[in-house]
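Common to both upcoming complexes is chain A, partnered first by chain B, then by chain C.
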Partner chain A sequence: MHSLYARVNNVSATMSSCLMALLAAIALSTFLFTADPKGDLAITNVKVTAGRDRRYRNKSQDYALVNFNVSADLTPLFNWNTKQLFLYLEAEYENAKGGKNDVVIWDRIVRRKEDAFINVVGKNKYAFKDITNTFKKVPAAHYALKYNVMPYVGALTYGEAGRTLESLEFPAAE
Partner chain B sequence: MGNSLKETFEGKIDFVGQKTVDDISRIALIVITVVSFIVGFALQSLSVTFAIFGGSSLVLILLLLPPWPMFNQHPVKWLPVIETKKGQ
Partner chain C sequence: MLNFASVITSGLMMWKTLGAITNTASPIVVVLSGSMEPAFYRGDLLFLSNPSAEEAKYGTGDIVVYNVPGAAIPIVHRVLETRETGSKNRAQREQKLLTKGDNNPVDDIDLYNGLQWLERKHVVGVVRGFLPYVGYVTIAMNDFPQLKYALLGGLGLLALIQRE
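Up next is the complex of A and B:
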(Lines of atoms letter the chains of each structure in order from A and count residues from 1; the text may use other names and numbers.)
(Lines give C-alpha, C1' and ligand atoms only; values in the text may rest on other atoms or scores of the structure.)
Protein backbone atom coordinates (compact mmCIF):
# COMPACT_ATOMS: atom_id res chain seq x y z
CA MET A 1 0.00 0.00 0.00
CA HIS A 2 1.07 3.58 -0.63
CA SER A 3 3.17 5.22 2.01
CA LEU A 4 3.55 8.98 2.44
CA TYR A 5 6.83 8.87 0.50
CA ALA A 6 5.22 7.15 -2.47
CA ARG A 7 2.58 9.90 -2.61
CA VAL A 8 5.20 12.65 -2.32
CA ASN A 9 7.08 11.01 -5.18
CA ASN A 10 3.99 10.72 -7.42
CA VAL A 11 2.63 14.20 -6.78
CA SER A 12 5.98 15.98 -7.11
CA ALA A 13 6.79 14.15 -10.36
CA THR A 14 3.47 15.17 -11.91
CA MET A 15 3.91 18.69 -10.56
CA SER A 16 7.36 19.14 -12.12
CA SER A 17 6.06 17.87 -15.49
CA CYS A 18 3.20 20.39 -15.29
CA LEU A 19 5.62 23.19 -14.35
CA MET A 20 7.84 22.36 -17.34
CA ALA A 21 4.80 22.40 -19.64
CA LEU A 22 3.71 25.73 -18.15
CA LEU A 23 7.16 27.27 -18.68
CA ALA A 24 7.29 25.96 -22.25
CA ALA A 25 3.85 27.45 -22.95
CA ILE A 26 4.96 30.81 -21.53
CA ALA A 27 8.14 30.75 -23.63
CA LEU A 28 6.14 29.91 -26.79
CA SER A 29 3.48 32.54 -26.05
CA THR A 30 6.17 35.21 -26.55
CA PHE A 31 6.03 34.53 -30.30
CA LEU A 32 2.40 35.72 -30.35
CA PHE A 33 3.62 39.23 -29.59
CA THR A 34 5.07 40.58 -32.82
CA ALA A 35 5.50 44.23 -31.90
CA ASP A 36 8.14 45.93 -34.05
CA PRO A 37 8.33 49.53 -32.84
CA LYS A 38 10.34 52.04 -34.83
CA GLY A 39 11.96 55.17 -33.51
CA ASP A 40 13.96 58.07 -34.85
CA LEU A 41 17.72 58.10 -34.84
CA ALA A 42 19.63 61.20 -35.92
CA ILE A 43 23.39 61.56 -35.80
CA THR A 44 23.96 65.26 -35.25
CA ASN A 45 27.73 65.42 -35.24
CA VAL A 46 30.73 63.14 -35.81
CA LYS A 47 34.15 64.36 -34.75
CA VAL A 48 37.53 62.62 -34.58
CA THR A 49 40.15 63.69 -32.09
CA ALA A 50 43.77 62.60 -32.12
CA GLY A 51 44.97 61.38 -28.78
CA ARG A 52 47.12 58.86 -26.99
CA ASP A 53 46.39 55.25 -26.23
CA ARG A 54 45.28 54.87 -22.63
CA ARG A 55 47.61 51.98 -21.88
CA TYR A 56 50.60 52.65 -24.13
CA ARG A 57 51.18 56.38 -23.80
CA ASN A 58 53.67 56.59 -26.69
CA LYS A 59 51.15 55.18 -29.17
CA SER A 60 48.83 57.61 -30.95
CA GLN A 61 45.15 56.73 -31.02
CA ASP A 62 42.21 58.45 -32.71
CA TYR A 63 38.90 58.65 -30.87
CA ALA A 64 35.61 59.33 -32.62
CA LEU A 65 33.02 61.45 -30.83
CA VAL A 66 29.43 60.96 -31.93
CA ASN A 67 26.49 63.14 -30.95
CA PHE A 68 23.05 61.72 -31.53
CA ASN A 69 19.34 62.17 -30.88
CA VAL A 70 17.23 59.14 -30.17
CA SER A 71 13.47 59.11 -29.73
CA ALA A 72 11.54 55.87 -29.69
CA ASP A 73 8.46 54.46 -28.04
CA LEU A 74 9.41 50.91 -27.05
CA THR A 75 6.45 50.26 -24.74
CA PRO A 76 4.89 47.72 -27.18
CA LEU A 77 7.84 45.42 -26.49
CA PHE A 78 6.73 44.95 -22.89
CA ASN A 79 4.46 41.94 -22.56
CA TRP A 80 3.92 39.51 -19.67
CA ASN A 81 7.18 37.71 -20.39
CA THR A 82 9.44 40.74 -20.82
CA LYS A 83 11.95 41.19 -18.04
CA GLN A 84 13.93 44.06 -19.50
CA LEU A 85 15.22 45.60 -22.71
CA PHE A 86 18.81 46.15 -23.66
CA LEU A 87 18.91 49.08 -26.04
CA TYR A 88 22.11 49.94 -27.85
CA LEU A 89 23.43 52.20 -30.56
CA GLU A 90 25.81 50.58 -32.97
CA ALA A 91 28.21 52.01 -35.57
CA GLU A 92 28.60 49.68 -38.55
CA TYR A 93 31.38 49.89 -41.13
CA GLU A 94 33.65 47.70 -43.19
CA ASN A 95 37.33 48.35 -42.72
CA ALA A 96 39.93 48.42 -45.51
CA LYS A 97 40.41 44.65 -45.35
CA GLY A 98 36.69 43.99 -45.77
CA GLY A 99 36.06 42.98 -42.17
CA LYS A 100 32.69 43.98 -40.79
CA ASN A 101 32.81 46.12 -37.65
CA ASP A 102 29.89 46.59 -35.29
CA VAL A 103 30.86 48.94 -32.49
CA VAL A 104 28.51 49.58 -29.59
CA ILE A 105 28.91 53.24 -28.69
CA TRP A 106 25.95 53.77 -26.35
CA ASP A 107 23.52 51.55 -24.47
CA ARG A 108 20.74 51.62 -21.94
CA ILE A 109 18.90 49.00 -19.90
CA VAL A 110 15.15 49.58 -19.72
CA ARG A 111 13.66 47.73 -16.78
CA ARG A 112 10.11 49.05 -16.68
CA LYS A 113 7.40 49.77 -19.21
CA GLU A 114 7.12 53.30 -17.80
CA ASP A 115 10.72 53.96 -18.81
CA ALA A 116 10.34 52.57 -22.33
CA PHE A 117 9.61 55.92 -23.95
CA ILE A 118 13.15 56.84 -24.94
CA ASN A 119 14.09 60.44 -25.60
CA VAL A 120 17.83 60.96 -25.44
CA VAL A 121 20.13 63.66 -26.69
CA GLY A 122 23.57 62.31 -26.02
CA LYS A 123 27.05 61.36 -27.06
CA ASN A 124 28.87 58.06 -27.18
CA LYS A 125 29.25 56.43 -23.78
CA TYR A 126 32.12 54.13 -24.70
CA ALA A 127 35.43 55.02 -26.39
CA PHE A 128 34.94 54.67 -30.15
CA LYS A 129 38.20 53.71 -31.82
CA ASP A 130 39.24 51.61 -34.78
CA ILE A 131 41.60 48.65 -34.47
CA THR A 132 44.04 50.40 -36.84
CA ASN A 133 44.29 53.25 -34.27
CA THR A 134 43.16 55.80 -36.86
CA PHE A 135 39.99 56.63 -38.79
CA LYS A 136 41.90 57.79 -41.90
CA LYS A 137 41.13 54.71 -43.98
CA VAL A 138 37.83 53.87 -42.32
CA PRO A 139 34.91 54.27 -44.74
CA ALA A 140 31.63 55.99 -43.92
CA ALA A 141 29.65 54.30 -41.16
CA HIS A 142 25.99 53.51 -40.71
CA TYR A 143 24.45 53.89 -37.27
CA ALA A 144 21.67 51.67 -35.99
CA LEU A 145 19.55 51.64 -32.85
CA LYS A 146 19.04 48.01 -31.83
CA TYR A 147 17.51 46.19 -28.89
CA ASN A 148 17.45 42.82 -27.15
CA VAL A 149 14.25 41.73 -25.48
CA MET A 150 15.16 39.70 -22.39
CA PRO A 151 12.31 37.43 -21.32
CA TYR A 152 11.67 35.84 -17.93
CA VAL A 153 11.32 32.47 -19.65
CA GLY A 154 12.44 31.65 -23.18
CA ALA A 155 14.70 32.91 -25.90
CA LEU A 156 16.47 36.25 -26.19
CA THR A 157 15.16 38.11 -29.24
CA TYR A 158 16.84 40.84 -31.27
CA GLY A 159 15.37 43.79 -33.10
CA GLU A 160 16.18 47.07 -34.77
CA ALA A 161 14.34 50.27 -33.93
CA GLY A 162 16.08 52.73 -36.20
CA ARG A 163 18.86 53.24 -38.71
CA THR A 164 20.54 56.16 -40.43
CA LEU A 165 19.42 56.49 -44.06
CA GLU A 166 22.84 57.51 -45.34
CA SER A 167 26.28 56.55 -44.12
CA LEU A 168 28.32 59.23 -42.38
CA GLU A 169 31.98 59.95 -43.17
CA PHE A 170 34.56 60.21 -40.43
CA PRO A 171 36.17 63.66 -40.67
CA ALA A 172 39.92 64.19 -40.42
CA ALA A 173 41.35 64.02 -36.93
CA GLU A 174 41.63 67.29 -35.04
CA MET B 1 5.36 3.05 20.95
CA GLY B 2 8.19 2.93 18.39
CA ASN B 3 6.01 0.91 16.07
CA SER B 4 3.07 3.34 16.17
CA LEU B 5 5.44 6.28 15.58
CA LYS B 6 6.83 4.50 12.53
CA GLU B 7 3.31 3.85 11.24
CA THR B 8 2.34 7.51 11.73
CA PHE B 9 5.25 8.71 9.60
CA GLU B 10 4.75 5.99 7.01
CA GLY B 11 1.21 7.36 6.49
CA LYS B 12 -0.23 4.36 4.69
CA ILE B 13 -3.60 4.54 2.94
CA ASP B 14 -5.67 1.75 1.39
CA PHE B 15 -5.83 0.75 -2.30
CA VAL B 16 -9.04 2.67 -3.06
CA GLY B 17 -7.57 5.73 -1.34
CA GLN B 18 -4.39 5.64 -3.36
CA LYS B 19 -6.29 5.41 -6.64
CA THR B 20 -8.36 8.41 -5.56
CA VAL B 21 -5.18 10.36 -4.70
CA ASP B 22 -3.55 9.50 -8.03
CA ASP B 23 -6.63 10.47 -10.05
CA ILE B 24 -7.21 13.73 -8.17
CA SER B 25 -3.56 14.79 -8.32
CA ARG B 26 -3.24 14.11 -12.05
CA ILE B 27 -6.45 15.88 -13.08
CA ALA B 28 -6.09 18.75 -10.60
CA LEU B 29 -2.49 19.53 -11.60
CA ILE B 30 -3.38 19.64 -15.31
CA VAL B 31 -6.35 21.92 -14.58
CA ILE B 32 -4.18 24.15 -12.35
CA THR B 33 -1.56 24.46 -15.11
CA VAL B 34 -4.09 25.36 -17.80
CA VAL B 35 -6.00 27.82 -15.58
CA SER B 36 -2.85 29.57 -14.34
CA PHE B 37 -1.63 30.02 -17.92
CA ILE B 38 -4.96 31.37 -19.18
CA VAL B 39 -5.53 33.75 -16.26
CA GLY B 40 -1.93 35.01 -16.33
CA PHE B 41 -2.08 35.53 -20.08
CA ALA B 42 -5.41 37.37 -19.81
CA LEU B 43 -4.06 39.66 -17.08
CA GLN B 44 -0.61 39.85 -18.74
CA SER B 45 1.11 39.01 -15.49
CA LEU B 46 3.55 36.18 -14.80
CA SER B 47 3.28 36.73 -11.05
CA VAL B 48 -0.45 35.91 -11.23
CA THR B 49 0.40 32.73 -13.16
CA PHE B 50 2.92 31.52 -10.60
CA ALA B 51 0.80 32.64 -7.64
CA ILE B 52 -2.11 30.51 -8.90
CA PHE B 53 0.14 27.56 -9.72
CA GLY B 54 2.07 27.71 -6.45
CA GLY B 55 -0.91 28.43 -4.22
CA SER B 56 -3.16 25.72 -5.62
CA SER B 57 -0.29 23.22 -5.61
CA LEU B 58 0.23 23.91 -1.92
CA VAL B 59 -3.48 23.34 -1.20
CA LEU B 60 -3.33 20.14 -3.24
CA ILE B 61 -0.33 18.88 -1.25
CA LEU B 62 -2.10 19.51 2.07
CA LEU B 63 -5.20 17.79 0.71
CA LEU B 64 -3.57 14.69 -0.76
CA LEU B 65 -0.37 13.82 1.08
CA PRO B 66 -1.35 13.28 4.73
CA PRO B 67 -3.15 9.97 5.41
CA TRP B 68 -6.55 11.58 5.95
CA PRO B 69 -9.29 9.19 7.21
CA MET B 70 -11.20 9.62 3.92
CA PHE B 71 -8.41 7.66 2.16
CA ASN B 72 -8.66 4.81 4.70
CA GLN B 73 -12.30 3.80 4.44
CA HIS B 74 -11.78 0.58 2.48
CA PRO B 75 -9.48 -1.58 4.59
CA VAL B 76 -8.36 -4.82 2.96
CA LYS B 77 -10.45 -7.79 4.04
CA TRP B 78 -8.20 -10.82 4.31
CA LEU B 79 -9.61 -14.31 3.80
CA PRO B 80 -10.03 -16.40 6.94
CA VAL B 81 -7.18 -18.74 7.81
CA ILE B 82 -7.72 -22.18 6.31
CA GLU B 83 -7.00 -24.93 8.78
CA THR B 84 -4.67 -27.56 7.44
CA LYS B 85 -4.94 -31.22 8.23
CA LYS B 86 -1.24 -31.62 8.99
CA GLY B 87 -1.90 -32.15 12.65
CA GLN B 88 -3.66 -35.54 12.05
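Up next is the complex of A and C:
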Protein backbone atom coordinates (compact mmCIF):
# COMPACT_ATOMS: atom_id res chain seq x y z
CA MET A 1 0.00 0.00 0.00
CA HIS A 2 2.69 2.48 1.00
CA SER A 3 4.77 1.84 -2.02
CA LEU A 4 7.14 4.42 -3.39
CA TYR A 5 4.71 5.05 -6.24
CA ALA A 6 1.84 5.83 -3.85
CA ARG A 7 4.03 8.22 -1.88
CA VAL A 8 5.24 10.09 -4.94
CA ASN A 9 1.68 10.27 -6.21
CA ASN A 10 0.40 11.70 -2.92
CA VAL A 11 3.15 14.28 -2.59
CA SER A 12 2.79 15.51 -6.15
CA ALA A 13 -1.01 15.70 -5.85
CA THR A 14 -0.74 17.78 -2.65
CA MET A 15 1.92 20.02 -4.18
CA SER A 16 -0.07 20.69 -7.32
CA SER A 17 -3.27 21.47 -5.43
CA CYS A 18 -1.32 23.86 -3.16
CA LEU A 19 0.13 25.54 -6.23
CA MET A 20 -3.32 25.86 -7.81
CA ALA A 21 -4.77 27.37 -4.62
CA LEU A 22 -1.87 29.85 -4.42
CA LEU A 23 -2.29 30.89 -8.06
CA ALA A 24 -6.05 31.30 -7.55
CA ALA A 25 -5.42 33.46 -4.46
CA ILE A 26 -2.96 35.66 -6.38
CA ALA A 27 -5.38 35.97 -9.30
CA LEU A 28 -8.24 36.94 -6.96
CA SER A 29 -6.07 39.41 -5.02
CA THR A 30 -5.94 41.58 -8.16
CA PHE A 31 -9.55 42.56 -7.54
CA LEU A 32 -8.52 44.13 -4.20
CA PHE A 33 -6.31 46.66 -5.97
CA THR A 34 -8.74 49.18 -7.37
CA ALA A 35 -6.38 51.96 -8.41
CA ASP A 36 -7.91 54.28 -10.99
CA PRO A 37 -5.22 56.84 -11.85
CA LYS A 38 -6.04 59.79 -14.09
CA GLY A 39 -3.69 61.78 -16.26
CA ASP A 40 -3.74 64.73 -18.61
CA LEU A 41 -4.31 64.36 -22.30
CA ALA A 42 -4.07 67.32 -24.65
CA ILE A 43 -4.36 67.19 -28.41
CA THR A 44 -2.18 70.02 -29.64
CA ASN A 45 -2.71 69.79 -33.37
CA VAL A 46 -4.76 67.85 -35.91
CA LYS A 47 -3.79 68.03 -39.57
CA VAL A 48 -5.02 66.11 -42.61
CA THR A 49 -2.80 65.44 -45.59
CA ALA A 50 -3.92 64.10 -48.93
CA GLY A 51 -1.81 61.24 -50.16
CA ARG A 52 -1.80 57.87 -51.86
CA ASP A 53 -2.81 54.56 -50.41
CA ARG A 54 0.29 52.62 -49.39
CA ARG A 55 -1.10 49.41 -50.80
CA TYR A 56 -2.98 50.56 -53.90
CA ARG A 57 -0.89 53.37 -55.30
CA ASN A 58 -3.53 54.69 -57.69
CA LYS A 59 -6.07 55.27 -54.92
CA SER A 60 -6.04 58.60 -53.11
CA GLN A 61 -6.09 58.42 -49.34
CA ASP A 62 -6.21 61.09 -46.64
CA TYR A 63 -4.09 60.66 -43.55
CA ALA A 64 -4.74 62.50 -40.29
CA LEU A 65 -1.71 63.62 -38.30
CA VAL A 66 -2.31 64.15 -34.61
CA ASN A 67 0.08 65.79 -32.15
CA PHE A 68 -0.56 65.19 -28.47
CA ASN A 69 0.80 65.67 -24.97
CA VAL A 70 0.26 62.98 -22.40
CA SER A 71 1.27 63.21 -18.77
CA ALA A 72 0.10 60.62 -16.29
CA ASP A 73 1.34 58.84 -13.20
CA LEU A 74 0.30 55.23 -13.68
CA THR A 75 2.49 53.76 -10.91
CA PRO A 76 -0.58 52.88 -8.76
CA LEU A 77 -1.49 50.28 -11.37
CA PHE A 78 1.63 48.30 -10.58
CA ASN A 79 0.97 45.74 -7.86
CA TRP A 80 2.56 42.36 -7.22
CA ASN A 81 0.50 40.73 -9.96
CA THR A 82 1.14 43.33 -12.68
CA LYS A 83 3.30 41.98 -15.47
CA GLN A 84 2.95 44.93 -17.78
CA LEU A 85 0.77 47.81 -18.80
CA PHE A 86 -0.43 48.34 -22.33
CA LEU A 87 -1.16 52.02 -22.77
CA TYR A 88 -2.96 53.31 -25.86
CA LEU A 89 -4.37 56.52 -27.25
CA GLU A 90 -7.43 56.23 -29.43
CA ALA A 91 -9.57 58.50 -31.56
CA GLU A 92 -13.32 57.97 -31.35
CA TYR A 93 -15.93 59.31 -33.76
CA GLU A 94 -19.28 58.39 -35.21
CA ASN A 95 -19.64 58.59 -38.95
CA ALA A 96 -22.62 60.18 -40.75
CA LYS A 97 -24.70 57.00 -40.31
CA GLY A 98 -23.93 56.79 -36.59
CA GLY A 99 -21.45 53.93 -36.88
CA LYS A 100 -18.84 53.99 -34.15
CA ASN A 101 -15.21 54.21 -35.20
CA ASP A 102 -12.42 53.64 -32.68
CA VAL A 103 -8.88 53.93 -33.94
CA VAL A 104 -5.74 53.41 -31.89
CA ILE A 105 -3.17 55.98 -33.03
CA TRP A 106 -0.42 55.47 -30.46
CA ASP A 107 0.52 52.85 -27.91
CA ARG A 108 3.25 51.95 -25.46
CA ILE A 109 4.14 48.92 -23.39
CA VAL A 110 5.20 49.76 -19.83
CA ARG A 111 7.00 46.91 -18.11
CA ARG A 112 8.41 48.51 -14.96
CA LYS A 113 6.95 50.68 -12.25
CA GLU A 114 9.82 53.14 -12.72
CA ASP A 115 8.67 53.72 -16.30
CA ALA A 116 5.06 54.35 -15.33
CA PHE A 117 5.44 58.14 -15.06
CA ILE A 118 4.25 58.83 -18.56
CA ASN A 119 5.36 62.10 -20.09
CA VAL A 120 5.08 62.07 -23.83
CA VAL A 121 5.00 64.79 -26.43
CA GLY A 122 4.31 62.83 -29.56
CA LYS A 123 2.45 62.21 -32.76
CA ASN A 124 0.46 59.29 -34.03
CA LYS A 125 2.43 56.10 -34.51
CA TYR A 126 -0.08 54.30 -36.73
CA ALA A 127 -1.62 55.58 -39.97
CA PHE A 128 -4.88 57.30 -39.10
CA LYS A 129 -7.35 56.89 -41.95
CA ASP A 130 -11.10 56.78 -42.37
CA ILE A 131 -12.80 53.85 -44.05
CA THR A 132 -14.16 56.25 -46.75
CA ASN A 133 -10.55 57.24 -47.60
CA THR A 134 -11.24 60.88 -46.80
CA PHE A 135 -11.97 62.93 -43.67
CA LYS A 136 -14.32 65.37 -45.50
CA LYS A 137 -17.51 63.97 -43.97
CA VAL A 138 -16.00 62.73 -40.73
CA PRO A 139 -17.35 64.64 -37.73
CA ALA A 140 -15.25 65.89 -34.84
CA ALA A 141 -13.46 63.20 -32.84
CA HIS A 142 -12.84 62.60 -29.18
CA TYR A 143 -9.52 61.23 -27.99
CA ALA A 144 -9.04 58.93 -25.02
CA LEU A 145 -6.04 57.50 -23.20
CA LYS A 146 -6.76 53.93 -22.12
CA TYR A 147 -4.82 51.14 -20.53
CA ASN A 148 -4.86 47.39 -20.16
CA VAL A 149 -3.29 45.86 -17.06
CA MET A 150 -1.81 42.46 -17.88
CA PRO A 151 -1.24 40.19 -14.89
CA TYR A 152 1.24 37.40 -14.18
CA VAL A 153 -1.79 35.20 -13.60
CA GLY A 154 -5.50 35.94 -13.70
CA ALA A 155 -7.85 38.36 -15.38
CA LEU A 156 -6.94 41.18 -17.76
CA THR A 157 -8.38 44.53 -16.68
CA TYR A 158 -9.01 47.73 -18.60
CA GLY A 159 -9.36 51.38 -17.66
CA GLU A 160 -9.32 54.93 -18.92
CA ALA A 161 -6.75 57.46 -17.76
CA GLY A 162 -7.78 60.53 -19.70
CA ARG A 163 -10.15 61.96 -22.27
CA THR A 164 -10.50 65.17 -24.26
CA LEU A 165 -13.26 67.41 -22.91
CA GLU A 166 -14.30 68.71 -26.31
CA SER A 167 -14.28 66.98 -29.64
CA LEU A 168 -11.80 68.13 -32.26
CA GLU A 169 -12.68 68.79 -35.90
CA PHE A 170 -10.67 67.37 -38.76
CA PRO A 171 -9.47 70.27 -40.92
CA ALA A 172 -9.60 70.20 -44.73
CA ALA A 173 -6.89 68.15 -46.38
CA GLU A 174 -3.68 69.92 -47.37
CA MET B 1 -12.17 0.52 -19.11
CA LEU B 2 -15.49 2.01 -17.96
CA ASN B 3 -13.54 4.28 -15.66
CA PHE B 4 -11.44 5.51 -18.56
CA ALA B 5 -14.52 6.19 -20.68
CA SER B 6 -16.16 8.19 -17.89
CA VAL B 7 -13.03 10.34 -17.50
CA ILE B 8 -13.01 11.09 -21.22
CA THR B 9 -16.72 11.90 -21.43
CA SER B 10 -16.78 14.07 -18.31
CA GLY B 11 -13.80 15.99 -19.68
CA LEU B 12 -15.63 16.56 -22.94
CA MET B 13 -18.77 17.63 -21.07
CA MET B 14 -16.85 20.17 -19.01
CA TRP B 15 -15.22 21.59 -22.14
CA LYS B 16 -18.59 21.95 -23.91
CA THR B 17 -20.31 23.47 -20.86
CA LEU B 18 -17.48 25.97 -20.50
CA GLY B 19 -17.87 26.78 -24.18
CA ALA B 20 -21.60 27.36 -23.79
CA ILE B 21 -21.12 29.65 -20.78
CA THR B 22 -18.38 31.73 -22.38
CA ASN B 23 -20.03 31.73 -25.82
CA THR B 24 -16.98 30.48 -27.73
CA ALA B 25 -16.09 27.27 -29.50
CA SER B 26 -12.81 26.92 -27.65
CA PRO B 27 -12.78 28.60 -24.22
CA ILE B 28 -9.11 27.78 -23.54
CA VAL B 29 -6.26 28.18 -26.05
CA VAL B 30 -2.49 27.83 -25.96
CA VAL B 31 -0.31 30.64 -27.33
CA LEU B 32 1.63 29.33 -30.32
CA SER B 33 3.59 32.35 -31.52
CA GLY B 34 5.70 35.10 -30.03
CA SER B 35 3.97 38.06 -31.63
CA MET B 36 2.41 39.21 -28.35
CA GLU B 37 5.66 39.12 -26.35
CA PRO B 38 6.45 40.23 -23.72
CA ALA B 39 2.84 39.75 -22.58
CA PHE B 40 2.25 36.23 -23.87
CA TYR B 41 4.93 33.66 -24.60
CA ARG B 42 4.63 30.34 -26.38
CA GLY B 43 2.91 27.85 -24.12
CA ASP B 44 0.92 30.30 -22.03
CA LEU B 45 -2.72 29.42 -21.49
CA LEU B 46 -5.46 31.93 -22.36
CA PHE B 47 -9.08 31.89 -21.23
CA LEU B 48 -11.54 33.25 -23.77
CA SER B 49 -15.09 34.46 -23.89
CA ASN B 50 -17.26 36.32 -26.38
CA PRO B 51 -19.65 39.19 -25.78
CA SER B 52 -23.21 37.84 -25.87
CA ALA B 53 -25.03 38.09 -29.17
CA GLU B 54 -27.08 41.26 -28.44
CA GLU B 55 -24.19 43.53 -27.59
CA ALA B 56 -21.77 41.75 -29.85
CA LYS B 57 -19.17 44.48 -30.11
CA TYR B 58 -15.44 44.31 -29.64
CA GLY B 59 -13.39 47.20 -28.35
CA THR B 60 -9.97 48.54 -29.18
CA GLY B 61 -7.38 47.12 -26.82
CA ASP B 62 -9.20 43.79 -26.63
CA ILE B 63 -6.94 40.85 -27.37
CA VAL B 64 -8.77 38.53 -29.73
CA VAL B 65 -8.07 35.06 -31.02
CA TYR B 66 -9.01 34.84 -34.68
CA ASN B 67 -9.04 32.34 -37.47
CA VAL B 68 -9.12 33.58 -41.07
CA PRO B 69 -9.94 31.14 -43.89
CA GLY B 70 -6.81 29.41 -45.13
CA ALA B 71 -4.73 30.15 -42.03
CA ALA B 72 -3.03 27.16 -40.43
CA ILE B 73 -3.32 28.21 -36.79
CA PRO B 74 -5.46 30.68 -34.84
CA ILE B 75 -3.74 34.00 -34.11
CA VAL B 76 -3.79 35.95 -30.83
CA HIS B 77 -3.50 39.71 -31.47
CA ARG B 78 -4.79 43.00 -30.13
CA VAL B 79 -7.57 45.03 -31.77
CA LEU B 80 -6.21 48.27 -33.24
CA GLU B 81 -9.30 49.61 -35.03
CA THR B 82 -13.02 48.95 -34.86
CA ARG B 83 -15.37 50.28 -37.54
CA GLU B 84 -19.13 49.93 -37.60
CA THR B 85 -20.69 49.80 -41.03
CA GLY B 86 -23.99 49.03 -42.72
CA SER B 87 -27.48 49.43 -41.30
CA LYS B 88 -28.71 52.45 -39.34
CA ASN B 89 -29.99 50.13 -36.64
CA ARG B 90 -27.21 49.76 -34.11
CA ALA B 91 -27.90 46.11 -33.27
CA GLN B 92 -27.72 45.03 -36.91
CA ARG B 93 -24.57 46.92 -37.69
CA GLU B 94 -21.51 44.92 -38.45
CA GLN B 95 -18.17 45.62 -36.95
CA LYS B 96 -14.96 45.50 -38.93
CA LEU B 97 -11.76 44.97 -36.99
CA LEU B 98 -8.09 45.53 -37.61
CA THR B 99 -5.60 43.80 -35.33
CA LYS B 100 -1.89 43.96 -34.59
CA GLY B 101 0.50 41.92 -32.49
CA ASP B 102 2.07 43.99 -29.71
CA ASN B 103 5.48 42.72 -30.77
CA ASN B 104 4.92 43.27 -34.51
CA PRO B 105 5.83 46.57 -36.16
CA VAL B 106 2.86 46.59 -38.56
CA ASP B 107 -0.82 45.67 -38.50
CA ASP B 108 -2.18 42.32 -39.60
CA ILE B 109 -3.64 43.01 -43.07
CA ASP B 110 -1.02 40.75 -44.64
CA LEU B 111 -2.13 37.89 -42.38
CA TYR B 112 -5.79 38.12 -43.44
CA ASN B 113 -5.26 36.16 -46.69
CA GLY B 114 -6.65 38.91 -48.91
CA LEU B 115 -9.36 40.15 -46.55
CA GLN B 116 -9.30 43.86 -45.76
CA TRP B 117 -10.92 43.57 -42.33
CA LEU B 118 -11.59 40.98 -39.70
CA GLU B 119 -15.24 40.29 -38.93
CA ARG B 120 -17.08 38.73 -36.03
CA LYS B 121 -17.30 35.36 -37.75
CA HIS B 122 -13.51 35.09 -37.79
CA VAL B 123 -13.12 35.79 -34.07
CA VAL B 124 -12.91 32.79 -31.74
CA GLY B 125 -12.99 34.85 -28.57
CA VAL B 126 -11.60 37.69 -26.47
CA VAL B 127 -8.82 36.95 -23.99
CA ARG B 128 -10.10 37.46 -20.43
CA GLY B 129 -7.66 35.52 -18.30
CA PHE B 130 -4.10 34.29 -18.37
CA LEU B 131 -2.15 31.38 -16.90
CA PRO B 132 1.55 31.12 -17.80
CA TYR B 133 3.53 28.04 -18.97
CA VAL B 134 0.82 25.39 -18.42
CA GLY B 135 0.11 24.93 -22.12
CA TYR B 136 3.73 24.21 -22.90
CA VAL B 137 3.04 20.48 -22.47
CA THR B 138 0.99 20.44 -25.68
CA ILE B 139 3.64 22.39 -27.59
CA ALA B 140 6.36 20.04 -26.34
CA MET B 141 4.30 17.05 -27.45
CA ASN B 142 3.84 18.56 -30.90
CA ASP B 143 7.50 19.52 -31.28
CA PHE B 144 8.82 16.21 -29.95
CA PRO B 145 6.37 13.44 -30.94
CA GLN B 146 8.56 10.86 -29.11
CA LEU B 147 7.51 12.51 -25.84
CA LYS B 148 3.86 11.95 -26.69
CA TYR B 149 4.41 8.23 -27.36
CA ALA B 150 6.57 7.85 -24.25
CA LEU B 151 3.87 9.47 -22.14
CA LEU B 152 1.06 7.39 -23.66
CA GLY B 153 3.12 4.20 -23.38
CA GLY B 154 4.04 4.95 -19.78
CA LEU B 155 0.43 5.60 -18.82
CA GLY B 156 -0.74 2.46 -20.60
CA LEU B 157 1.93 0.37 -18.85
CA LEU B 158 0.95 1.80 -15.46
CA ALA B 159 -2.72 1.08 -16.14
CA LEU B 160 -1.81 -2.53 -16.94
CA ILE B 161 0.42 -3.23 -13.94
CA GLN B 162 -1.57 -1.26 -11.33
CA ARG B 163 -4.37 -3.21 -9.73
CA GLU B 164 -6.75 -1.72 -7.19
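In the analysis below, the second predicted complex is superposed on the first by the 174 of 174 C-alpha atoms of A that agree within 3 Å, B and C clash if a C-alpha of one lies under 4 Å from a C-alpha of the other, contacts with A are read in each partner's own complex, and residues count from 1 in each chain.
Operating definition for what follows: a residue touches a chain if its C-beta (ideal position, glycine included) is under 8 Å from a C-beta of that chain, and two chains touch if they have at least 3 such contacts.
If you're wondering where the values come from, they're calculated on a predicted model, not measured in any experiment.
Enquirer: A:N10 contacts which: chain B (first), chain C (second), both, neither?
Expert: So A:N10 only meets chain B here.
Enquirer: Touching A:H2, do we find chain B (first), chain C (second), both, or neither?
Expert: The answer is first: A:H2 touches chain B but not chain C.
Enquirer: Look at A:E90 in the shared chain and tell me whether it touches chain B only, chain C only, both, or neither; answer first, second, both or neither.
Expert: So A:E90 only meets chain C here.
Enquirer: Quick one: is A:L19 in contact with chain B, with chain C, with both, or with neither? Answer first, second, both or neither.
Expert: Touch status of A:L19: first partner only.
Enquirer: Applying the document's definition of touch, where does A:Q61 land relative to chain B and chain C: first, second, both, or neither?
Expert: A:Q61 contacts neither chain B nor chain C.
Enquirer: Output check: A:D102 vs chain B and chain C. Expected answer is one of first, second, both, neither. What do you get?
Expert: After superposing on A, A:D102 lies in contact with chain C but is clear of chain B.
Enquirer: Which of the two partners, first being chain B and second being chain C, lies in contact with A:Y152: first, second, both, or neither?
Expert: A:Y152: touches chain B and chain C.
Enquirer: Applying the document's definition of touching, compare chain B and chain C: which contacts more of chain A?
Expert: C
Enquirer: Show me the chain A residues, by the header's touch rule, that chain B contacts in one structure and chain C contacts in the other.
Expert: 152-153
Enquirer: Touching chain A in the complex: which residues of chain B?
Expert: So the residues of chain B touching chain A come out as 9-15, 17-18, 21-22, 25-26, 29-30, 32-33, 36-37, 40-41, 43-46, 49, 53, 57, 60-61, 64-67.
Enquirer: In their complex, what parts of chain A are in touch with chain B?
Expert: Spelled out, the residues of chain A in touch with chain B are 1-4, 6-8, 10-11, 14-15, 18-19, 21-22, 25-26, 29, 79-81, 152-153.
Enquirer: Can you check the complex and tell me which residues of chain A touch chain C?
Expert: 23, 27, 55, 83-84, 86, 88, 90, 95, 97-104, 107, 109, 111, 126, 131, 146, 148, 150-156, 158
Enquirer: Going by the contact rule set out above, which residues of chain C touch chain A in the complex?
Expert: 38-39, 57, 59-61, 63, 78, 80-86, 88, 90, 93, 96, 100, 102, 107, 109, 127-132
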